[in-house]
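First subunit A sits with subunit B, and in the next complex the same chain sits with subunit C.
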Partner chain A sequence: MIRRKVVIVGAGPAGMSAALVLAQAGARPTVLDENPRVGGQIFRQPPPGSPAAAARPKDASARHGAELLRRFEAARARIELLNEAYVWGVFPERRLAIGNQGGWQVVQPEHLVLATGAYEYTPPFPGWTLPGVMTPGGAQSLVKTWNVRPGKSVVVAGTGPFLLVVARQLHAAGVAVEAVVELARRSEFLRHAPRLLSAPGLLFEGGGYLRELKAAGIPVLWGHVVFAAGGEGRLQHVELAPCDAAGTPDRERTRRLEVDTLAIGYGFVPRVELAQLAGCELEFQDELGGWIPRKDEAGESSVSGVWVAGDGGGVSGSVVAELEGELAGLAIAGRLGLLDAATLAREKEQRLARLAPLRRFRAALDAVYRVRPGLARLAEPDTLVCRCEELTCSEVDPAIGFGGHDFRTLKVMTRLGMGPCQARMCWPAMMRRIADRTEKSCAEVGPSRFRPPVRPTTVGDLVQLIPFEDHSDAPAGAGR
Partner chain B sequence: MTPNAAHDPQDPSGRRIVAPGGPRLAFSFDDARLEACEGETIAAALLAAGRPVLRTTERRSEPRGLFCNMGVCFECLVEVDGHANLRACQTVVRAGMRVRTQRGFGYRDAAAELGE
Partner chain C sequence: MKRPDALIVGGGVIGFAVAYELARRGLSVQLLDKDLPGRATSASAGGLWPVGEAVGLGCGVIYQATQAAARQAAGELAAGEECHDGILPAPFRDLLVSSNALFPALARELQESAGIDIEFRVGGGLIFAVYEPREQEYVDRVTQALPASCRLEQLTPEEAWKIEPLLTREIQGAALLSGEHQVNPMLLAEGFKRAALRLGAEFRNDTRVTALRREGDRIVGVEAEDEFFPAGTVVNAAGAWSGELARTAGLHCPVFPVRGQIVLTQALPRAMNACLSTSGCYIAQKLHGEVLIGSTTERVGFDVDVTPEGIAGLCRGAVRALPLVRYVHIKRVWAGLRPGTSDELPILGPAPGIRGYINATGAFRTGIVAAPLTARLVAQSLLGEPTDQPIEPFLVQRFGAPELARA
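What follows is the complex of A and B.
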């Protein structure tokens, strides 16, 4: 077994920021990430030499990301970076099962930082499994990282300011954006105006996106929902309608748009599988994306030495993620005796003060762009609710009727969640569907249960041990 | 050669945003010979080639394509050089790679390929 002082899982804004603080304090953190290059989803870097790099829109966030990546690169000598590596299990005492193409290894850090990020939430609706239907982030990454248009024409739908970002990028890439279909109602911004003004810069940025879309002639349909997609073997059209405050479409007023691509997502779900395996207590916070680890203001979970930073601990965006990464890094540096108490207190206060208005802003946005109950009723009897196991509503709903009101029971009854995605795709929506049908709260329905390996692993993956330099425990100069 | 290669061999489906200037490499997808840009994923290369269907499902034989594009949903599974269940969105194309549409769980086709 390999020992380390600090292992950080995830090299997005939270993980990179935690690593930078720790590297500066002299801790030599280990960072691992599944992708070939650091940056996470938001600052994902194209392969070297790709023309996508030159074509990316240079907004404030992209410039900030470039600066973060530059600082990380400058600190590389003081960080142990494992790219294309993943954690497939967390065992007692923070023992991590790490895998990569070379094999696997058990690594035990004194402190574990989970900066695992979030993925997009798309509840099921008729036609949502057709090729051409994808998440907004998936479409964005094709354009931003891979220099490829997802299609010729697109409807961007769901909820959240991210839709505006994606619509703008797709338009700039030459995709015909037919409409942005936004669940939220424009009038609700007024009600939350005071809190929205706590981060005027971000508000201004959002207003800028809206003006750009208007100038490009792209309609933003507030208070509308896409309720069906159709086509022969691939997406050819979507159906949408205005909806009430609960998100229920008024089908009398249906519009049909012919497109080959639908980018649809209703916010994000924190990735908590490793926190759950580590034994961290989870709590349900709807506005932060669902089940998240309970943590203190520095990010330490209910398990001592296991820290959570960024969207994986509650979806709040990259600016908050960076500050949370720094807070966790500082607290760990203090715990390791690398920072004196006065410096630690000062640095911590400074970041908490910056977080406060951002959190007020985010709470207001979350209230406007909330997931509404009508979404849980879009699926029809023959709509797939579990993409992996190909289960329809008509197969799962009777099991709910027979008492399948929690993940384990429903899984045993139907196989829901037993496919390769391990319920990441189906459970957030199924939890809401169960809550809707049984009049329970999502907190009562409960989270899904992850089991190691949390991603498909072959016997071949477990044959070789990854060679690690065992420098952390050995005296200076000693070999492995 | 792909059927459309005649009009623009660099970008047969017109999906590239900027003309790719870097090194290209050849790979196959089912019976078609395609080109990819160095460093890109199988999913990106196939979409650029106008091939959005990556697999068909086990129970219903329905077509599926790229969905999350970040390795979470496992919808984009393809067979690569005889191995089933590789995520097209997370697997970088290498020269000479043989990629196949995955049918169902994929093992039958994969075993046949290994036995060649």
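What follows is the complex of A and C.
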């Protein structure tokens, strides 16, 4: 077993920021990331030399990301980085089981920072498994990372400001964006206007996206929902309608759009499997994406020495993630005796002061772009709800009726969540469906339960112990 | 049920099998259970390896290796010296072989009376793969010790590959036990449960029995949190927890938890004909295609965590025996607690000088294969009927006075 002072899981904005603060303080943190290059989902770096590398957008967020990557690269001598390394289990005493290069190793840090990010949420609806239906992030990564157009014509649907970003990128890449279908109603912005003004910069950025879409002639349909997708063997059309405040479509006013691609997502779900395996208490915070680890101001979870930063601890976006990463890094540096109390207090106050308005802004945004109960009712009897086990609503609903009101019981009754995704995909939606049908709250229905290995792992992956050291000689960003 | 004739503590395969046998004999039966993590039935491979287990060629191979390693570490064994030869007493082998012989009829019976297919399938037997000369010597010794009725056959590597084409080319030889098969352990327990329910047995889950209630030399019932359950006789089928339960009434039942970690892969097309046993692990492909790789043998109390080292050790053993599994994804890993005893034999029958109490525990690695006959012996003993086989070798008295046994 290998010991380390600090291991950071995830090299997105939160993980990179935590590492930078710790490197600065002299801790030589270890960073693990599943991807070949650092940056996370938002600042994902295309393979060097690829056409996408040349065609990267130059907006404010991308410029900021480039700056973060540059700072990370400059600090690389003081950071141990393992790319293409994944954590498949967390065992007592913060022992991490890590897969890398076809082998594995156990690493035990004194402090563990989980900066695992979030994944997109798409509740099931008729046709959602047709080829051509994807998440906005999936569509974005096709154009941004691989320079591949997902199709000729697209509807971007769901909820959240991310839809505007993706619509704009798809348009720029030459895809005909037929419409942006947004669940939230425009009038709700007015109600939350005062809090939205907490972060004028971000509000302005969002306004900019809207203006660009308008200039390009792309309609944004507020208060609408896509409730079905159809086609022979692949997506050919989507059906959408205006909806009420609960998200229930008014099917009398259905419109049909002929497209070959639907990018649909209703925000993000924090990736909490490692936190759960580490024994962190979880709590349900709907506006932050669902079940998240309970944590203090600096990000320390209910388990001493296990810290959470960024979207994996509650979806709040990359700007907040960076500050949270820094806060966790500072607190750990303090714990390790690398920062004196006065410096620590000063640095911490500075970050908290910057976080406060951002959190107010985010709360208002979350109130507007919230997941609504009507979405839980879109699935029809023959709609797949668990893709791994190929279960339809007509197989799961009766089990809910017979008392399958929690993950364990429903899993035993139906096999829901027994496949390789370990219910990551089905449970957030199924939990809401159970809540909707039983009049329980999601907090009462409870989270799913993860078991190692939480990443795809073959029997052979566990045969060979790997030497555990920084093996990316090339500077960050250049790949290996 | 006000005061059942028999109250069974523990809803594992043994508890339900006993419930079924007693209900069949017309007794009123109540079973109390609490689904604690680590129950052995749900962590069992479902291998019916009566002779294999009795002579240390099944899961016991790993147990012997673990014990030898532990004793070597403690300085009790010289390097290379065997721990003990793993051949268990003949009465135990008889118990397992006779119990195993009940399966074909039992499978039909549970299908008819409970509507459950326990997935009993006759396969290619159990192959013990020999990697080293030392293992071949052991197989030779076992072959001599066994009567011909046990159907142990020594194979050349070529013969072994004919039965199991994907078996590693690394083997020096093999031993085939052709009377050994497989069952689905969860469905076996479920079959006994449903059959018992149909016969009027009552089952309460989520009821954790915390203590036996003793009046003088008699056990009169059990306490479950704040409730008292009276009973004519209490059957201790609490598996790894049965030692703790007995102690609440001052009874001696030296059962300890022995953790077994298990790896299950994703389903594959049929790749194995037999079950495989090696010094590194055992491997069985289940009816729905998953490959089950078991199992560690660890004395760590009631800890049911899996460990990365434990899982990796099994994976190494599996890849060595069956190189193809290298490419197969792991579906899940988990651990169960076997009810272990120091002589590896079960503890069955009454406790000396105590009325209203009977042991049905200590099945260690063999609870699934032993369940049918164990249940019959316990039921016969409870009713004072002649037993199918002598129960004496399995009485708790063999451990002597508690003080001695604990020392």
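Assorted remarks:
Here is the rule we use: the second predicted complex is superposed on the first by the 467 of 480 C-alpha atoms of A that agree within 3 Å, B and C clash if a C-alpha of one lies under 4 Å from a C-alpha of the other, contacts with A are read in each partner's own complex, and residues count from 1 in each chain.
Everything below uses one rule, namely that a residue touches a chain if its C-beta (ideal position, glycine included) is under 8 Å from a C-beta of that chain, and two chains touch if they have at least 3 such contacts.
In this text, all values refer to a predicted model and were calculated from it rather than measured experimentally.
When the two complexes are overlaid on their common chain A, residue A:P131 makes contact with subunit B while staying clear of subunit C.
By the touch criterion defined above, A:W104 lies against subunit C but remains apart from subunit B after alignment on the C-alpha atoms of chain A. When both complexes are overlaid on chain A, the residue A:G89 reaches subunit C alone and has no touch with subunit B.
Which of subunit B and subunit C touches more residues of subunit A: that partner is B. By the touch criterion defined above, A:P456 reaches both subunit B and subunit C. By the touch criterion stated above, A:P420 is placed in contact with subunit B and with subunit C alike. When the two complexes are overlaid on their common chain A, residue A:I466 makes contact with neither subunit B nor subunit C. Within subunit A, the residues touching subunit B in one complex and subunit C in the other are 420, 456.
Remark: subunit A residues 89, 91-92, 95, 97, 104, 106, 418, 420, 451-453, 456-463 touch subunit C in the complex.
Across the complex, subunit B is touched by residues 34, 36, 41, 46-52, 54-55, 119-120, 129-135, 137-139, 141-143, 145-151, 173-174, 233-234, 271, 387-388, 390, 419-421, 424-425, 456 of subunit A. Here subunit C touches subunit A in the complex through residues 263, 265-266, 293, 305-309, 311-312, 315-316, 318-319, 325-334, going by the rule given at the top. By the touch criterion stated above, subunit B contacts subunit A in their complex at residues 15-23, 37-41, 44, 47-48, 52-54, 57-60, 62-75, 77, 85, 89-90, 92.
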